[in-house]
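Below: the structure, in structure tokens.
To keep things simple, chains are lettered A, B, C and D as they appear, and every chain counts its residues starting from 1.
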Amino acid sequence: MAAYRAEELLIAVLARLLDGARHVAVGALSPIPGTAALLARALSGDSMRVALLGSKRHSDFTDGGRELFDCAAQGRIDTLFLGGGQIDGEANINLVGSGGYPRSEVRFPGSFGSTFLYYMIPRVILFRAEHSPRVLVPKVDFVSAPGVGPEGVYRRGGPVALVTGSASFSFDPARRRFRLESVHPGRGIDEVVAATGFDFDRPASAPVTPGPSPEMLALVRGPVREQIGETYPQFAAAVLDPKS
Amino acid sequence: MAAYRAEELLIAVLARLLDGARHVAVGALSPIPGTAALLARALSGDSMRVALLGSKRHSDFTDGGRELFDCAAQGRIDTLFLGGGQIDGEANINLVGSGGYPRSEVRFPGSFGSTFLYYMIPRVILFRAEHSPRVLVPKVDFVSAPGVGPEGVYRRGGPVALVTGSASFSFDPARRRFRLESVHPGRGIDEVVAATGFDFDRPASAPVTPGPSPEMLALVRGPVREQIGETYPQFAAAVLDPKS
Amino acid sequence: MSNEAPYVDLDDLVSRIEAGATLAVPPDYSGVAMAATRALVRRGTDRLHLVACPTSGLQADLLIGAGCVATLEAAAVSLGEFGPAPRFTEAVRSGAITLKDSTCPAIHAALQATEKGVPFLPLRGIIGSDVLRHRSDWRVIDNPFGAGDPIVLLPALAPDVALFHAALGDGFGNVWIGRRRELVTMAHAARASLVTVEEVYDGDLLADERMAAGTLPAIYVTALARQPRGAWPLACADHYPLDAAHLKEYARLARSAEGFSRYLARHAPPRAAA
Amino acid sequence: MSNEAPYVDLDDLVSRIEAGATLAVPPDYSGVAMAATRALVRRGTDRLHLVACPTSGLQADLLIGAGCVATLEAAAVSLGEFGPAPRFTEAVRSGAITLKDSTCPAIHAALQATEKGVPFLPLRGIIGSDVLRHRSDWRVIDNPFGAGDPIVLLPALAPDVALFHAALGDGFGNVWIGRRRELVTMAHAARASLVTVEEVYDGDLLADERMAAGTLPAIYVTALARQPRGAWPLACADHYPLDAAHLKEYARLARSAEGFSRYLARHAPPRAAA
């Protein structure tokens, strides 16, 4: 049995993708990305800024709800975590619903700021724990924000990576394709292919995703857990507490 | 000799024009209109709101310099005082300069917010103490804001009156003309005509502008003087202090 | 600082929200007038055009479940850590409400357009999304300062009423909102603002520059009601956190129409039954 | 709340304003960095594109008189109760500076355009004025949501540097601006913000919600200098009022080029002579 939980692996994977980031924004409903951002901040010696939507203590914003979007528009945020009810092979994301619109069979919460931020923040990291053909689809049912383009439309950022509960991918906007970068411990590449509803590039043999370092684990289970607990108390108590 | 100063008469004239106003804004460099607004507020039993640009105590604004303009745009301000380096017979105002542009022979401070507020506030009262052909011209050298129109342009307000050191006028936007309403005590109608560079409507005999009531004088020399002194200390000390 | 502060009781406050009104409400973390919302449900005010500024949660779910909402304009509705908003999800499935799906900065900008008295505001992004495809009220123009640079114009969004809960109100009608400035934009954009306050501040919030910095002036406040625990079961600034047990229970009950009815009967019974 | 606060000395601070920069400054009542302005004059930084947000007074007059300004964008320049700004008036007459006459809400809106990352913002009014006639950089379009409704579009105004004085800065680089929120818009719109502060606050301005409401976060603050009486002879919030005797004397001296030179020699001598 691994010396860490599945969530702790994902937190480590996401935190490593933040290496070198200067200002990271995390949207709503994102406990794992939020924890990863706070972990990366701790690892950076607090030189990285984190804006955690819904947090008072881990957000420096004082100009109301619009400041996150204005700040991104000013080019002051370099990295963003985004999720997706559905994600397709061209990195289009759907946060609205599947099975028709407006009367969706399965309704998701809504697009939040993705319809703007996906264009405006240089590095967007997609995260979704569930890795299944239900989530990773050939074509999303509703485009909350497109992965690429449209041509001629002002855009200064977009998706660079996708992390799921099974694997990590990078994204190449020129080729509009994901590429498998690593498979998480205990998962097989065939399993990943079978669970992915779209085609993607892959090396002959994909490396195994490295687990969290002892330093990372100590931070996640200690100070970072307390920090994320302000915004996600259920998550901090049920998932990150080593005693739970 | 009158029992009041020339400035006190003008303050009373302007305050009377605010009867029934609910929210009055006073721009920069306007000690007499500012005093009139604070007087009218006192007379209203403090039910009138006053926004005095440059004042901290006599402004309720907390959203920075733009709030006055946003507030006016929202239709929450019904009356505004404006001045003018030049004013012409169609109520065009010039706050920029006379004798050419950009190299004006006489440069005034600039248009301030007039280029916006003159269109947006229902009742604008023009005030200029100096009544001379130099100020009241046939045609302004620079239009900071037009008195009327242009046709088809969104406009929900404009000039309704002009008060000078010699007389009071009303303005009819449909006829694009001022009409003499009263002549200040000690001035003659011919003197007013001679000192006005534009043509205007006038009754056969113009009434004399009534002076300030004892209640007005007591307020202006007492609590209102102290209030205006925060923003215009020189004016409050040199002009309104009964001992000065 | 003029005028008597217009404090009224809660039922009087919500009686000013008419059926069919466009009602702006803040996100769950920003000061939600939940007591007023329950009073609105009790009253049976319906056909609301609800505008989440820019998202909502329990409040929207409650109003939708109780049949108060005809149209919902929002960037998202969810119960956050407590899962999907069940009555919202069900209303979408059944077509009971008309949806105007938006995105957070579009709602902020459209409110700012009304704040500034302009008919529209431009916004980057959006083009190529299905959000735009379903918003026939939005326009794309070619940026007049560029060439071949399409940009979205959002029409000004002018709520009839903004409704929210704040920590403090003073005797003049000024309301302390701290750094929750989305409430300022909402109030500037709305024709009327109705506010419940946790406590009444003894003094003038505009007299102390430190408090004034976080104060919405009475100019924009139509009426207030003093309502301790007025945001419960959601959080109120430093006064109380959200009531997690209650929200868990709500999320469980609201999964079914019957469970939701039971919740309503307990927490927002119709007036006659109260 | 991360990062070491970038406190530097006054000369270091103003050395970050390069010749030819677009420099945004606040109105006289809002926190003017006068000590830094004198340091800028001493340094001889020139060819500035000065943007008054939206008006200026002593600061603009001093910079214009000292030959630092090539272009001035402002809604107005005056010394307020102390009369016209003499060096500004003279520079207009002689054609020494290029004028971009504007109007207050246009400067606010053009800064907000940059704040929001959009290429323009619309504004009512203006049409039919000579302000518009002389601004070839402004456009009029037909409101796409109306018909036969012309409206002005203002291009985004993006200063290289915002420079101002505030009452408090903390050890993290956060700056307390109170309700002077035009400073927030300036800082959001500018690529870099340089701030002098009256005092250093012992603690974290963002940790206390009451102070946080009036705080510009360090995100937007490039460098700070502690400069007691940094706004003198203008006012600094509750710390000191403006120095009326000094302004009267300035207004008198600056009426002539010789008098202005004497003033400069006394208050902002060139570096070698200092």
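Keep in mind that, in the parts below, a contact is a pair of C-beta atoms (placed from the backbone, for glycine too) under 8 Å apart; a residue touches a chain by one contact, two chains touch by 3 or more.
Bear in mind the structure is a predicted one, so any value in this text is a computation, not a measurement.
Averaging C-alpha coordinates per chain and comparing to subunit D, the farthest chain turns out to be A. In terms of their C-alpha centroids, the spacing between subunit A and subunit C amounts to 28 Å.
Chain geometry summary: the mean Cα position of subunit A and that of subunit B are 59 Å apart.
Taking each chain's centre as the average of its CA atoms, subunit C and subunit D sit 36 Å apart. The residues of subunit B that reach two or more other chains are 61-63, 69-70, 73, 120, listed in rising order.
Under the contact definition stated at the top, the residues of subunit D that touch 2 or more other chains are 109, 112, 116-118, 123-124, 149, 151, 179, 184, 209, 212-213. Contact annotation for chain pairs lists A-C, A-D, B-C, B-D, C-D, with touch applied as defined.
Every residue of subunit D that touches subunit A in the complex is listed here, in rising order: 1-3, 114-118, 174, 184, 188-189, 206, 209, 212-213, 215-220.
Against subunit D, the residues of subunit A that register as touching in their complex are 23, 41, 46-50, 56, 60-63, 69-76, 120. Of all residues in subunit D, only 109, 112, 116-124, 139, 141, 143-146, 149, 151, 153, 155, 177-179, 209-214, 237-238 touch subunit C in the complex they form. By the touch criterion given at the top, residues 28-29, 31, 54, 61-66, 68-70, 73, 95-97, 101-105, 107-120, 142-146, 149-150, 152-154, 232-235 of subunit B touch subunit D in their complex.
Residue ranges on subunit C touching subunit A, taken from their complex, read 27, 29-30, 53-55, 74-78, 80-82, 84-85, 88-89, 92-95, 98-99, 101-106, 108-109, 112, 123-132, 134, 148-151, 179-185, 244.
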